[in-house]
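First chain A sits with chain B, and in the next complex the same chain sits with chain C.
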Partner chain A sequence: MAQVPVQTIHRDPQLFYWILLPITVVMVLTGVLRHYASVLLQTAPKRLDQKALREQRSLLHGMSVRGNFHALSRSSFVARREALTTAYQSGAYLKDPERRGQPPANPMSDPDGMSGMMGMMKNQMAMIIPNTLIMSWINAFFSGYVIMKLPFPLTIKFKSMLQAGVATKDMDPRWMSSISWYFLCIFGLQSVFNFLLGDNNAASQMAQQMGQMGPQAGQMFGPGQDPDKQFLAEAENLAVIEHYSVLDGVEQRLLEGINI
Partner chain B sequence: MAPSLLHPPSQLSPAAALQLSQQAPSVLQNSPSTINSSPLAALLPSSETPDLWIKYENLLLSCLRTGDDHAAHQCLERLVARFGNENVRVMALKGLVKEADSQNNGDLEKVLKEYDQILSDNNTNIPITKRRIALLRSMGRLSDAASSLVHLLGFSPTDAEAWSELADIYLVQGMYQQAIYAMEEVLVLAPNAWNAHSSFANTPCDDQVHARLGEMQYMAATAPGAASGTYEKSMVEALKRFSRSIELCDDYLRGYYGLKLVTKKLLKDAAKPAKDSEEIDFSLPDSKTIERLNELATVKLSEIIRRNTAQERGWRGYDKLEVAAARELLAEEASAAASIER
Partner chain C sequence: MPSEQELQISPLVPESIQHNSKTLYNLQSLTASLFGISAGILGLESYSGFLFYIVFSLLTVFLLYVVRVAPASSSVALSKGGASKPLDTSSYFRTPFEFWAGGLMNGLAGFILTWTLFYGLVRA
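Let's look at the complex of A and B:
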């Protein structure tokens, strides 16, 4: 295999001080700013009124009865099951019993759901706007030349990404332009932000995107859910439990377990 | 274990609480009196930690308990300065300090009115609701406290602390079945909890829910005027609960004490009527098992007493009163046995 001659490009060492460093500093500062902007934009979680609280906690109560039924004796469990099932099926715990059976309200018209969506919008905006600004800033000032050479080899596919704005066909993809440094900063500054702002910072958009992709945990009482259906399902779950108690034969276990 | 300011101090002995509250001047002096919460300050390494606020809160409680009102007010001021007057937890602490400052019943009534005022604005303010209930109870209005608790549990039935308090109030009033029901709720919500009841905190394992339930069942069974039909059921369940509490925690003195009491009583009225076991949750174990359980309890109790008296390593944690009660129980039985032989 013929040895590809090592490409050398003489660069002005000042590039480092006037491009690489400024881009990095600007990226770090925007991250910090974004963190505080999202802290300021955050709205306090909305206070639930008593009925909504009752709706949620009654469901949770049913779940814990279902989960820990073995701590009870049979009669106390049966009494609880009767009470809970009746209340669930009659909709006694519902926030507004009149709306039973109707399709769930459109989340857009629900003010609670709306505020949640506004919060998400705000976060998205706090991410998109600075990114757009910085990218256009970099493109306007620093495009068209390479600024550094990566210390590791890359395949040809990276050329279009790393050398955006430098249309030279034969150049090694290891040479990168300022816009590629910008992308590297976006993905690589997470640990810097962790160091500066603590673990739960809102500076890096990577973490937020991960969160959006993850499973929708905590959506149990979300706006799209029909609590009536949840109650009915829980009543069914309670009904099929075959009861046993942890107290069955406990004295035998005790006598066997402890030797005097 | 040395008392730490990072744990809630409600279970400490008076001496430990005093020790904590004596740390107050140094804690208050060593931490800055105002925390700058501006974004720039957060960039510096010496910013606030959650631990600091937990410390202030616990210090506040200990100081109130030992009568150091000055330090308590200082803690409260700092908490208010950081979290504002509208924070529910701070509101409850403020109420607590006000209650402590009250000189007479009239002042307490005033605090109660304030609580009512707060609750009429925001009826889901759970810390204030609980403060109000505690205040009602300490003013001796037990039935009011119980009905407020029932109302609280009506919209928040997953609150184990409230259920436990309700069980305690019912027990004081002698309403055993209700107390048992509330205690069972605690068990459902926290099946592995050791310490539902804070006043017995110095035993090796804090007061267990199972043992507590066993005690309630026993009280319900032996209470004068208890229905004869429920007697056997309660006794059996008491037996089972005590056994379970020992199973969970070896060498648990209250468990063995209860087991001893129940088995003794069951053996005494051995001529039990043969009942149809359809209605009963648990069938009574045969008399041989009961006898062996009784034996086990006796041996274990005397072992605990012996080792505790000798101050052996690992056996010192028992409450003095509980050990004394166990000794009395054993002595009583021994003398009874001696008199029968004679």
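Let's look at the complex of A and C:
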């Protein structure tokens, strides 16, 4: 089989200065802008009143005791368990003791849930709009020619996406138009944003963040859950724990660990 | 996997593990971009370019291991009085696979970006 000749196209060296660099600079700057815009647009966390806060924190206390019981000595663990269990069963920590038997509030009607959802939607909007604008700007100004050659080969199917304005049949898929440089930049600049803006910035990891936000919220304190049932379940969990402490036998371990 | 009781005595703190992973991630991203620049300047094509990236990324992780992870791991093992495996990273990272090979996917995007950029710039 004859070796396919390498396709070379002579290009104006000024291509790079007028196309590659401006697109890169614009994308970096919009990323930085997006990060600062999201920082400024963040809503302050809602202040809960004392009873609601006590309800949430007491549940957390129960879960911590259940998870870390081994750090406590037997007597302190038993004391905590007794206090928490009686409080849970008597409903001493509930926000509204009168609504004990009734179904929980709907997240749509409860004003606490709405602000959380609005925050997430605002972040998503902040991601989508600049990307769409940049893509249309690139298609308007920078279409109709190829810019550069990818160092590694691709299949023919990529041609339709990455060589958008140039309708040829035989050109190597390695030749890219400017829209493909845009796609490369989206993925590649995430690490650059990490360095410029520190960790946990809003301009990077857009897909990961959007995926992670969903299942986390509303696990425990979402207004869709009934706190009374959670308390009773927690009381049962506390009751079944077989307690042992890491302090048992600690003298033996210490003596073993010492090298004489 | 250490037993549950051993985990309670010397716990795996999630913040520390996260910090270790983040450090490794930052290092991988930075070196990936630099390797992309060098691969582009050298004019490497498809397979040799990726091979270059993999070899040098592994070299970077190995150097990190030698300079940072090994002295601390061996001192921990000595104090426990037992022999640990020579390539043990359990006191810092969750699994050995994640330490050695996990960073490759992180840096790949940055590598391809700078590789393409400099390949086009230099090769003209």
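What to note about this one:
One rule holds for everything that comes next: the second predicted complex is superposed on the first by the 205 of 260 C-alpha atoms of A that agree within 3 Å, B and C clash if a C-alpha of one lies under 4 Å from a C-alpha of the other, contacts with A are read in each partner's own complex, and residues count from 1 in each chain.
Just so we're on the same page, contacts are C-beta pairs under 8 Å (C-beta built on N, C-alpha and C of every residue); 3 or more make two chains touch, one makes a residue touch a chain.
From a predicted model like this one, the values you see are computed outputs, not experimental measurements.
Shared-chain residue A:R54: touches chain B; no touch with chain C.
When the shared chain is aligned, chain C comes close enough to touch A:I147, but chain B does not. In the superposed model, B is the one of chain B and chain C that contacts more residues of chain A. In the superposed model, A:S76 lies in contact with chain B only, and not with chain C. By the touch criterion defined above, A:G257 reaches both chain B and chain C.
Of the two partner chains, chain C is the only one touched by A:N194; chain B is not.
By the document's definition of touching, both partners, chain B and chain C, reach A:V246. In the superposition on the C-alpha atoms of chain A, the part of chain A touched by chain B in one complex and by chain C in the other spans residues 70-71, 246, 253, 257.
If you check the complex, the residues on chain A that touch chain B are 32, 36, 39, 47-51, 53-54, 57-58, 60-61, 64-65, 68-76, 80, 196-197, 245-248, 250-255, 257-258, 260.
For chain C in complex with chain A, the touching residues are 5, 8-9, 22, 26, 29-30, 32-33, 39-40, 44-47, 49-50, 79-81, 106-107, 109-110, 112-117, 119-121, 123-124.
Contact residues of chain A toward chain C in the complex are 11, 13, 16, 20, 24, 70-71, 147-153, 181, 184-185, 187-192, 194-195, 199, 246, 253, 256-257, 259. Against chain A, in their complex, chain B makes its touches with residues 39, 42-43, 122-124, 154-158, 181, 184, 187-189, 191, 237, 239-241, 243-244, 246-247, 250, 281-282, 285, 289, 292-293, 295-296, 299-300.
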